[in-house]
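Chain IDs A, B and C follow the sequence of writing; residue 1 opens each chain.
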Amino acid sequence: MNYFRKVSAIVWKDALSEMRTREIVFSVLVFALLVLVIFNFAFGADETAMNSIAPGILWVTFAFAGVLSLNRSFVQEKENGCFEALTLCPVGRDAIYVGKMLSSLVFMIIIEIITLPVYSFLFNLNVLSFEIIIITLLATIGFAAVGTLFSALAVNTRVREMVLPILFLPVVVPLLICAVNASGDALAGESWGDLFSWLMLIIAYDVVFVVASYLVFEHALEE
Amino acid sequence: MNKSHITKMVLLVLTTISFMAALYLIFFYVPTELSMGVVQRIFYFHVPVAWIALLSYVVIFVSSIMYLRKRSKTWDTVAIAAAEIGFIFTTAFLVTGSIWAKPAWGVWWTWSPRLTSALVLWFIYVAYLTIRAYTQGDDRKARFSSAVAIIGFIDIPIVILSISLWRTQHPSALIFEGGLTPPMLLTLQICILAFTLLYVLILIQSIQINRSILKVRDLRRLKEMNEG
Amino acid sequence: MVTKAPALSDGPIISVKGLTRTFNDFLALRGIDIDIGAGEKVAVLGPNGAGKTTLLKVLSSAITSSSGEVTIRSTRLKDKDPEVRRYIGVVSHQTFLYQELTAYENFTFYCRMYDVSDREERIREIIDRIGMMPRLHDRVSNLSRGMQQRLSIGRALLHRPEILLLDEPDTGLDWHALSSLWDIINREDGINRTILFTTHNLSRACTLSNRVVIMNKGKIVHDIAGSGLDAGNIEEIYSRLTGGIE
């Protein structure tokens, strides 16, 4: 119980910080919307083309917005030595991982919740279906799991903003493939049965990488 | 001549013999494949190279886990040696794949499951080399790259699975089908053997060079300690 | 309700044997042996690069040792039990404070992380002691450097640690302010704290401590205890052993 209290303290602290500065949500949100609009300019005239690549556009947006928000996750801890202060607390580093992962997850979901209706509006597609929401939620868990670990590493390198996408994007390729295909099928009105194999793979990814990142985090960050 | 020299000599001889055998088999023994013609012979380089690229990542994976547990620099040396070699072989796979695709199917690149997966594997190697390049300090470099290697390795089967799933849903016509006749199979096996021996030879050499560098550092440190 | 730490058996509160620490082939600590008893106030002197900060970091469990053993309150740091950190407070040149949060919010966070049970009272108690009550709900980024330093000392004391480690507390803080806080650091909450601090200033080292340890090139080269240590004496020993005054 102690453990969860500390994890929630970290999440609370991140949420409070974010509410003060609105750094992550605002800047990433604006970015996400810009990406959507730019894609619209690039492909907009041809509506059939748009419909077929619409899921791809959505997930490219989420992937890049995800990288941006994950980048911010540990930057705050780097300032003033706060990460070191966390490692001085009577709590294992694994709790730090869980706390940061949950707060990243929350921020990404908030951005997605706002992006989806805008996307619906711009593309004239109903993406607010139950299926798409589930797909988005599950894939985002995978993003947060791997992204939190990589963000903690990247923040300690020389060119942190460049390093994170190079680490993150190849590793989440399976998530992107499954999410794009599942979203496309959902938009085309396929039933749950057809989405099944994609969803299973996303869930498998989530389970594997939450566990793997959790285990690796502690060892990788111990000086 | 100590044990390691003898091992390397033996390996060198075996590698040379098997490569000579492989080349003979590829160019003189195995008959030309019916549908694709002479260019199909590149298959006998293409496949072993893929095998080596994957094998190399297994080596990185195992050494990364061992490094995180034992924190011994030797394991890190093995990992980076395997990474450099594996990266080159993955590049070779993509290049041979491209060389094969052009005469066989008329395009420089296809999004076949094999090539697409290899491309992602290439990027995963790049991720490993990137974190090493941009992290300062040997301890950190080793720890961080171990983390990336472990995650990357676990990712590989999932990548391959998701790409196959994607491709079966949207099949392309450019998939290499067909079984292997006995002569083809024999040639392939000898090639795989030859490449594996070559890989082991290069890997050992690379590790030894890096270890010598570490040894010099250790001796220097000992000297400093005695002086202090 | 204050949770009292279980009583210590006899023996030093901090025990270091054969401690070495390497950073990328640089041997920062080359075999440190030292025992520190409960309640001792130890000043660690030494030129830059002597290994003072590294020693402090190992003792705080921020970094691990390369070899050797460190035992704090009968717990070996090698066992990696996070609980031992309850008894240690750290003040460094980094403030460990979240800039966008207020002093109150920062302290609330750390109280939660250290399981301080009487959180509200404790926060007010500390803020009052360090004389920053009027600024309790101000964002840390709006506070001066000196105030942030005072807050970071307060932060280190929140969980009533038995051991306090300070890395060059006199840089970045007005000396008068530090002196006035020294009493709090020493005897706050009835605990006779064990204190280890690094400094470059010899006379301050002698005034504030009852034991002076001099380090040079990763080793301890001098260790002298006793109250009212003579600054002139120490200065002479220091220049002899390290080749100069910083």
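Brief remarks follow.
Everything that follows uses one rule, which is that a contact is a pair of C-beta atoms (placed from the backbone, for glycine too) under 8 Å apart; a residue touches a chain by one contact, two chains touch by 3 or more.
From a predicted model like this one, the values you see are computed outputs, not experimental measurements.
In terms of inter-chain touching, the protein chains here all touch one another pairwise. Seen from the C-alpha centroid of subunit C, the farthest chain centroid is that of B.
Once the centre of each chain is set as its mean CA position, subunit A and subunit B turn out to be 31 Å apart. The distance from the centre of subunit A to the centre of subunit C, with each centre set as the mean of the Cα atoms, comes to 39 Å.
Remark: subunit B and subunit C have CA centroids separated by 50 Å (rounded to whole angstrom).
Contact of a single residue of subunit A with at least two other chains is seen at positions 222-223. Counting partners per residue, subunit B has 139 as the residues that reach two or more other chains. If you check the complex, the residues on subunit C that touch subunit B are 22-25, 27, 30, 217-219.
Of all residues in subunit C, those touching subunit A in their complex are 60-64, 82-86, 88, 90, 92, 94-101, 105, 109-110, 112-115, 139.
If you check the complex, the residues on subunit B that touch subunit C are 137-139, 217, 220-221, 224-225, 228. Within the complex formed with subunit A, the subunit B residues making contact are 68-69, 120, 123-124, 126-127, 130-131, 134-136, 139-140, 143-144, 146-148, 150-152, 154-155, 158-159, 161-163, 165-166, 169. Residues 2, 5-6, 9, 12-13, 16-17, 20-21, 76, 79-82, 84-92, 222-223 of subunit A are the ones touching subunit C in the complex.
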